[in-house]
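In the two assemblies presented below, subunit A is common to both, partnered first by subunit B and then by subunit C.
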Partner chain A sequence: METTALLRQLSEAVGPPGYEAPVAELIERLWRPYVDELRRDPLGNLIARRRGSGAEPRPVLLLAAHMDEIALLVSGYAEAYGHGYLRIEPIGGIDRRVLLGQRVWVHPRDGEPLPGLIATPPPHILSQSERKKVPPWDHLFIDPGLPIEQLEARVRIGDPITFRADYLELKNRRVAGKAFDNRVSVAVVTLALAALLERTHAWDIVAVATVQEEVGLYGATTAAYGVAPTAAVALDGTFARQHDVGEDEAVALDGGPAIGVGPNFHPYLVDRLKEVAEHHEIAHQIEAIPRGSGTDAWAIQVSREGIPTALLSVPMRYMHQPVELLSLRDVERAARLLTEFIADLRADERPVWEDEHGS
Partner chain B sequence: MDFELLHRLTTAFGPSGYEAAVRELIRKEVAPLVDEVEVTPLGTLIAHKKGSGPRLLLAAHMDEIGVIVSYVEDKGFLRFAPLGGIFPLYAIAQRVRFANGVEGVVAVERRKDESKPPALSEMYIDIGAPSREASPIRVGEPAVFVGETVRVGERIIGKTMDDRIGCYLLIDFLRRLRTSRFDLYVAFTSQEETTLSGARTAAFGIEPDMAVAVDVTLTGDTPKALPMAVELGKGPAIKVKDRGMVAHPRVRDAMVEAAEREGLPYQMEILTFGTTDAAAMQLARAGVPSGCLSIPCRHVHSPGEMVDVNDVERAVALLLALVA
Partner chain C sequence: MDREALSERLLRFSDIRAASGAEKAMRRELRRMLADKVELRTDALGNLIARQPAEGRPRLRVMVDAHMDEVSLMVVGHAADGTLLIGGVGGFDARLLPGLSVVVGEGEAALPGVIGIKPIHLADDWKSATPMRRLRVDIGAGKKDEAQRLAPLGTRIYFPTRSERMGARLTGKAFDDRVGCTILATLLLEGPWPVELYGLFSAQEEVGARGAQVAAQTLQPDVAFVLEGTIADDLPREEERSPTTIVGRGPALSIFDRRAATPAPLLRFAIEVAEAGGIPFQLKRPQASGTNASRIHSAGIGIPTLTISMPSRYIHSPVALVDPDDLLHTYRLMASILRVITPAVVQP
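And then the complex of A and B:
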């Protein structure tokens, strides 16, 4: 499968937290050829199982990639000179500084998506001090171009709004777009599932496109509880170095996927991922994360009696902006590492602690 | 007091998430004293002393605060992030040690404004490595502070009283235990200092009827301390509340009754900062009535944490009375 075509479809799909149905349908179509079972759980997680070759009962590796994207919600209406505006609220960590002048899609519960734009007064008529500030939420509106009566008839409070940002192919195998956080990981899992068709693997693989990560890791919380896996790998984007970001604050773009290290991650899985990457000469990096990681990995690790968990991250610039940028090389390396890691898991292998070897 | 055991416990390497050495040490001590020992998927060691009564979970955490290397500079200096609550003022000029024995010192960059205390991001660890390539330490390696454990009269000073004193106390409790009306689980938990996740997941697995964390608490008895009605040497403190929980009245009162029955001095504790494993255990499954027995400790999260020997002895006696 062409990496860039896959990323384009996933990036442009719609799936705000709690409103993931459209992107879930796309992912279901993408995964169906590669898996034995597909289901949705009560929160909307898409859960796919690919059975392993080991004897039953087989250990289960959970792969978690969240499919939701940061977005806006319609929170009210405003009227100016008979013209209709929508008030907005964020769902997920929207950066207000990037909203001005954005094009958006409003998604009414019934009917076609409605184009709109983020409306602010032109700089000429703002005071010097107003020009320097980012408008607060109650001064940010959506203008869909409709009179207030028609707007009220078509759009309801609670309807989601997503960025209208085309997938952009830059030079040097770099691409930009919205929702790469975390559709890039959905792409990585898709590529790995496709590659596994040609391979044997002992463990069952349960791939989950999780919901509501951006608002509190809720999908991963219930998915981990429901699947109760033997071990898990969460996948997400992480910060890549760029101008004005220190070398010690981010990982290298084009440096390969980052393997998370810290208390959130089981040292056994970390070591196995490193070992597989080194054996297959897949470029990779180590990212130290000192506490709960703020990713699905955290919710999964503390589920039930505790689940040994790892985190594999794709380096990404400009996170939470509609121009998230990544390198296709990193995406493909992450998919290869995940595939080889899965193929390398032995039927009788279990994550153990350093002091448990041979006991 | 078995100072030799306490010394081994308090100097073993065990930053949050990397408790293997402490776990190995405790496993050897408790295995002969209980019916079963197991390690959970998150690294908590559970010692089970079978009984016919309700399930009681006692927990002390094995992990200590530490640091983890986040970046190695060209010239071999190490940038780091905190594993747990590191106070910048306490970190300056401390020695740190890595699992492989490499030691370094925490130094501060030259700063334009020296009037404010530096942030951890303005510090680095100098292990004397000439370059990144020649550094024996890589990104992701954890380290702990270095500090000897010493006895000063009735007090003990050491870097990991939080919470190896709790581990010591529970080992001593198991050594002296003769009668128990409980099906008893003693958990030596992982990852308290970062996320309480060792206790949280252990409590899910054990499904206890009641849980008690054993941990340190702050005191109000030092110069210009925040007012707090807990003093060193006045007996163990029975928690009423902290930032993460209100202790279950039944568990709290059971400890008070046990202390009074035995004529043991005790104090009631209201802690305005921090919390313990009890906060996580009480939320397991459908809820677990939970409390905390605290050892008063000065200078918490510094390499000079100080406790009183008598508070420890009395806490063991209180727990023995609680389960009898």
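And then the complex of A and C:
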């Protein structure tokens, strides 16, 4: 499967937190050929199992990639001169600095999506200081170009709104678009599942496209509980260096997937990932995460009796903007590393602490 | 002339990329449309000037202006990481650019790019607009020399928007002033009129009305009309305040903007024509913005000039919005004016 075509489909799909059904349907179609079972849990997580070759009961590796995207929500109506506007609120970590000039889709509960524009009063009617400030929420609207009566008839309070951003192929196999956080990880898992068709692996692989990561890691919380895996790898995007973000804050774009190191991650899994990457000469980098990773890994680690967890991240510029940018090479390297890691797990292998060896 | 034909023409013009001083793509399109119908020439500034003799004995020499150029950006430098430093060609809302995608260059060589900023998670200040000097365009180049080769200094950068119908309206880039170009091209196609008509498709409005100045000095018409896209600030507000213009209420007649006053008899005439034809119109709130009228009205010994504008929300953005009815009513008003204008209107 061509990486760019896969990522394009996933980027363009719709899935605000709590409204993941459209993207979940796409992922279900993508994963179906590669897995033995597919189900949804009560929160909406899409859970796919690919059985391993080892004797039962087999250990289980959970792969968690969240499928939700940051979005907006209709919070009210406004009217001026007969024209209708929607008031908006954020769902997840929306960046108000990047809203102006954007096109969006409003998703009514029933009926076709409605196109709209992000609207705010123009600079000439603002004070000098307001002109240099990011507009506050009460100065931001959606303008769908409709009279107020028609708008009220078609859109309800609570309807979600997503960005309508083109998927762009830039130079050097770099691409830009919306919702790469975290559809890129769904792409990585998809590529790995496809590669595993040709491989044998001892462990069961349970791939989960999780819901509601952007609003509190809720999908990962219930998925980890429900699957009760032996170990887990969460996948996400992480900050790549860019013109205003340096080495102290970010990993290198095109430097390969980042393996998280820190209290959120079990050292055994970290070492195994590094070992596999080195053995197969897959470019990778280490991302030091001193506290909470802010990813599904954070929720999974403390599920049930505790689950050994690792984090594999694709470097990404301009995170949470409709122009998230990444390198397709990093996506393919992440998929390869994940595939080799899975194929390398032995049936009797379990994550252990260094001081437990030989005991 | 109907609303649909005007809308289609505007949507086509909107997608054309023509920056100040680099208007050739608009000239090419206009030549293609108009070459069989009127006499055309390009002057030293890049203005495209159409001349259409009168039907019968000309009553007056009338110039109608619409500018071809749109606000754009320019590559002014290359950073070590392969990103592009940018400058504005024309005025930008300082809050607009972060998070947008752009097109770098023209024609076959055009490249997609994005304007990303420091992620909100890492930013210290997420309440201030990021000044243009701190923005970069990322085309995916990995190094400075690659960026220099792909997008040399001076390369123009455009909004990539494809225009479309949305709800009851039209959205796209460059409606300022492709709305004017739409009306003017249509007037020339529908002519001749009882006046000798000069259609001025002007260059370099966005950097100081420089094309119009030169054309007005050269043509010295008896009267001039400037067709513009202007600010519609008709959004919901906490306090009641008279907006500059309102979308859907018809063409806006300028009484007095920041740089030109309309002669009272000319304004009165335009209002009478609109009222006689049952054409909706509005008066643009005085003291707001400026147009090519600023240079035309004071060219040579002076030229009586009226600006007629179509209200455009989110002007100078990738997604401006206009009402197709405003387009139709502007066309009807301008056509009626050309039909009935007499020398008496502009005599001192």
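Criterion: the second predicted complex is superposed on the first by the 359 of 359 C-alpha atoms of A that agree within 3 Å, B and C clash if a C-alpha of one lies under 4 Å from a C-alpha of the other, contacts with A are read in each partner's own complex, and residues count from 1 in each chain.
Assume a contact is a pair of C-beta atoms (placed from the backbone, for glycine too) under 8 Å apart; a residue touches a chain by one contact, two chains touch by 3 or more.
Because the structure is a prediction, the values reported are computed rather than measured.
The superposition on subunit A brings subunit B alongside subunit C with room for both.
Of the two partner chains, subunit B is the only one that A:Ile307 touches; subunit C does not reach it. When both complexes are overlaid on chain A, the residue A:Arg156 reaches neither subunit B nor subunit C.
Using CA centres, the angle subtended at subunit A by subunit B and subunit C is 130 degrees, rounded to a multiple of 10. Applying the stated contact rule after C-alpha superposition, one finds that A:Pro351 touches subunit B and leaves subunit C untouched. The wider contact with subunit A, measured as residues touched, comes from C rather than the other of subunit B and subunit C. After overlaying the two complexes on the shared chain, residue contacts for A:Arg109 are found with neither subunit B nor subunit C.
By the touch criterion defined above, A:Lys132 lies against subunit C but remains apart from subunit B after alignment on the C-alpha atoms of chain A. Of the two partner chains placed by the overlay, only subunit C lies in contact with A:Tyr81; subunit B stays clear of it. Applying the stated contact rule after C-alpha superposition, one finds that A:Gln242 touches subunit C and leaves subunit B untouched.
By the document's definition of touching, neither partner reaches A:His279: not subunit B, not subunit C. By the document's definition of touching, of the two partners only subunit C reaches A:Pro144; subunit B does not. For the pair subunit B and subunit C, the model built by superposing on chain A gives 13 Å as the shortest CA-CA distance. Residues of subunit A that lie in the contact sets of both subunit B and subunit C are absent, per the superposition on chain A.
For subunit C in complex with subunit A, the residues that touch the partner chain are 79, 81, 83, 93-101, 111-122, 126-130, 134, 136, 138-142, 146, 150, 159-160, 164, 166-169, 171, 231, 233-237, 241, 243-244, 246-249, 288-289, 313-315, 317-319, 321. Of all residues in subunit A, only 78-83, 85, 93, 95-103, 114-117, 119-125, 131-135, 141, 143-147, 150, 165-166, 168-174, 176, 239, 241-245, 249-250, 254, 294, 317-325 touch subunit C in the complex they form.
Per the touch definition, subunit B reaches subunit A in the complex via residues 16-18, 20-21, 23-24, 27, 39-44, 68-71, 73, 79, 81-83, 138-140, 190-191, 194-195, 197-198, 200-202, 204-205.
On the subunit A side of its complex with subunit B, the touching residues are 247-248, 261-267, 270, 286-292, 298, 301-308, 351, 353-356.
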